[in-house]
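One chain, chain A, appears in both complexes that follow, with chain B as partner in the first and chain C in the second.
This part shows the complex of A and B:
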C-alpha cells in the first residue's frame, strides 16, 4: 500500500554543528534535503537573523533555498516569553499578541503549522485562533513527554477543539512519548559521570516496570510544576529515589533516576484515536545505530500506528542526542539525522 | 548543554579606561539552543581565581552598544540577543588581572520560558541570583575555564 506520510527535519537537530559554526542555515537545509526530507522545520529564534523581524532579503533567501533544495516549510517552533518585563508577567492580551506575532512570521515564511509548548494556556490559544485562521497556520500543541494524548491534560484541549469547531488548532506528538527504553546515550552519560551499574540497573528495571504496567498520565493544570509533581509521584519517583538512597547512590545516580521520568511510553493506539487532530509530528530521536534502529523508540511499531490511522502529515526528525554526548564525544548530527530519515523511510515504505 | 563553549578561550583581556586598568572582559555565547530577548538575561555567576564578582560589578556588551549594566539590560524588553552573536562580559576590578593563566567559574542566567511554573511570579518579585542554578537553563552547573590573559 502506498502511504502518504511525508518526512521533514527540524533544523534543531543540527544545533551542535550550527552552534560551532560548522553549518549555517543554508547548510542545515542542504543536509536535511540530502537525508531525503522534503520538509523543513525551523526554530526562528535559533536560526533566523533579526528575529522577530522578517526582512525582505531573508524572505527571498528562504524561499530561494526551498526551491533550490526541493523542500517546503513544515512547522515553525514558537515560545511564549512571559517574563520579559521585570515587574510583572505578561497579561493575557500581551501573550496573545506574542502568539500572533509568531503566527504571522510562520505564515509569511510559508509554514503550515506552528508548535506551541505544552504549557500554553487555553485562553492564549483561543485568543489566537482568528489570526491562525487568517494566516492559515494550524497551532499545534506539542505532546511532549511526560504529557500524553488520551490524558486529563489532552482532554482539556480536545474539549476546546470540539467546542469551538476550530480547524486551526490540534496536536503534535513528540516521539519522546514512545520511549520503550531509557535512551542508551543517557545511560552511558550517567555512567561517565559516576553513576554505579547497580543503581543504573535499579532505574532501568523501574522504567521497564512502568512500561509494562502503563504510565499514570498527567493532568491539565496551568501550574506545570504542580501537575508534574503529581505525575512523578504517581509513577513511583519517591519509591525509586528511596531505593537509590538505600543502595548508597551518589549524585550521578540520583540525577539518572530523576532524568528517567522525562521519558514516557504511550500506547501508539493514542495516535489512531486522535489522528483527526494531529497535524504535525516531532520524530524525536536520541541515538540511531548503524542498523537503522532508534535504540529507545520502536519506530516501526509507532509508525505502523500512523499508517493504520492514514496520517498524511509530516514526521519531522528532531535529533536531541547531542547534549547526551558532547561532554565527551564529537557529535555527528548529520549522520544521526541521515540514519533516522532512512529508518523512517523504511518503516513507512515496508 | 554547550558548557564547553560558553567562553571563547582566547578572549580574556584587561579593560583600560582613561589610561587605567579598570577590570577584565571575555567573550560569551548563549548557553541555550536559541537567542533571547535581552531583558530575560539577568547576569552571571562569575568567580576568578577564587574571588566572586557579583552582578553589580558586571556589564554586558552586545548589539554594537557600549557595555551596559544589568540594571539597564533588564529594561531592554524588545531588544534581542541573536543566537549567533557573541557578547562581552565586563568585570570591574581595579588594576585588572595579572599576566598568565586564570581560573574562571561561570554560570549564565537567562529567564527563558518553557512552562508556567510555580516560581514564575516569585521570579518577578525576586529574580534568581546567578550561580544558584535557577535560570541557568540548559547548563545546570558552574562551568570552569582555564584562560590565558591576552596581551
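This part shows the complex of A and C:
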C-alpha cells in the first residue's frame, strides 16, 4: 500500500551546529534536504534574521532556498513571549496581537501549521482563530510529554474545537509521548555526572513498570503547575524519590529520577482515535543508532498507527539529543537527522 | 545548555576609558536555544578567581548599545535582540582591570522565557589569560 506520509525536519535539530557557527540557515535547509526531507520546520526566533520582521530580501531568499532544495515550509514554531515585561503578564489583547503577528509571519513564509505551546491560554487561541482562518494556517497545540492525547488535558481543547467548529486548530503530537525507554543518552549523562548504577536501575525499573501498567494521564487545568504536580504524584514520583533516598542516592541520582518523568509512553492508538485533528507531528528523537533504530522510541510501532489512521501530514524530525551529549562530546546532528529520516522512511515504506 | 562553548576564547581583555583600565570584558553567547528579547534576562553573574562582582558593576553590550542589568529589563527593541549563536559583550567595572596572567571565570545567565514554569539558570566556566 502506498502511504502519503511526508517527512520534514525541524531545523531545531541542527541547533548545536548553528550555535557553533558550523551551519547557517541555508546550510540547515540543505542538510535537511540531503537527509531526504521535503518539509522544513522553523523556529523563527532561533534562526530568522530581523525577527519578528520579514524583510523582502529574506522572503525572497527563503522561497529561493525552498526551490533550490526541493522543500516546502511545514510548521512555524511560535513561543508567545507573554511575560516580556517582568512586572506583568501581557493582557489578553496584547497576547492575541502577538499570536496574530506569528500567524502572519507563518502565512507570509508559506507555513501551513503553527506550533503553539501548552502554556498558551485558551482565550488567546480562540481570539486568534479568525486570523488563522484568514491566513489559512492551522494552529496546533503541541502534545508534548507529559501531556497526552485522550486525556483530561486534551479534552479541554477538544471541547473548544467542537464548540467553535474551527478547522484552524488541532493537535501536534511530539514523539516524546512514545518513549518506551528512558533515552540511553540521558542515562549515560546521569552516570557521567555521578549517578550510581544501583539507583539508575531503580529508576529504569520504575519507568518500565509505568510503561507496562500504563501512565496515569494528565488533567486539564489552567494552572499547569498544579496539573503537573498531580500527574507526577499519580505516576509514583514520591515513592520513587523515597526509594532513591533509601538507596543512598546523590544529587545526580535524584536528578535522573526526576528527569525520568519527562518521558511518557502512550498507546499509539491515541493517534488513530484523534487523527482528524492532527495536522503536524514532531518526530522527536534522542539517539538513532547505526542500525536505524531510535533507542527509546519504537518508531515502527508508532508510525504503524499513523499509517493505519491514513495520516497525510508531515512527520518532522526533531533531534534533541545534543543537550544530553554536549557536556562531554562533540554532537553530530547532521548524522542523527540523516539516520532518523532513513529510519522513518523505512517505517513508512515497509 | 552549551557551557563548553559559551565564551569567545579571544574575547577576554581589560576595558579602557581615557587610557585607564576601568574594568574587564568578555564575549559570550546566550545559554538558551533561541534568540531573546533582552527584557527577559533577569541576571548575569560574573565570578573571576573566586571573586563575585556586584550586579551594579555589570554592563551588557550588544550591537553598539550598552545597558546596566536594570536597564536591560525594559529593552524590547527587536534590533537589540540577543540572537541565538551570536556574541554579546559583558563588561565588569573594576578599577585597574584584571592583572596580567591567567584567570578563571564562572558566569551565570539567568533568563525567564515566558512559557517555562521556572527561571533558567545556566553557568559556564573558562580559563583565560589577560595579555
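Methods note: the second predicted complex is superposed on the first by the 349 of 350 C-alpha atoms of A that agree within 3 Å, B and C clash if a C-alpha of one lies under 4 Å from a C-alpha of the other, contacts with A are read in each partner's own complex, and residues count from 1 in each chain.
In this section, a residue touches a chain if its C-beta (ideal position, glycine included) is under 8 Å from a C-beta of that chain, and two chains touch if they have at least 3 such contacts.
Bear in mind the structure is a predicted one, so any value in this text is a computation, not a measurement.
After superposition onto chain A, the modelled positions of chain B and chain C overlap sterically.
In the superposition on chain A, contact of A:192 is made with neither chain B nor chain C. Contacts of A:88 after superposition: chain B is touched, whereas chain C is not reached. Once the two complexes are overlaid on the shared chain, A:97 sits clear of chain B and of chain C alike.
In the superposition on chain A, A:223 makes contact with chain B only, while chain C stays out of contact range.
Residue contacts after overlaying the shared chain place A:121 against chain B, while chain C stays out of touching range. Of the two partner chains, chain B and chain C are each touched by A:326. In the superposition on chain A, chain A positions 12, 15, 19-20, 43, 45-47, 49-52, 79-86, 117, 119, 224-225, 323, 326-327 are in contact with chain B in one complex as well as with chain C in the other. Residues 12, 15, 19-20, 43, 45-47, 49-52, 79-89, 117-119, 121, 222-226, 323, 326-327 of chain A touch chain B in their complex.
Residues 1-5, 29, 33-37, 39-40, 42, 73-74, 76, 78, 81, 83-85, 112-115, 117 of chain C are the ones that touch chain A when the two sit in their complex.
Residues 12, 15-16, 18-21, 43, 45-47, 49-53, 79-86, 117, 119-120, 224-225, 228, 323, 326-327 of chain A are the ones that touch chain C when the two sit in their complex. The touching residues of chain B, when paired with chain A in their complex, are 1-5, 29, 33-37, 39-40, 74-75, 77-78, 80, 82-84, 111-121, 123-124, 127, 138.
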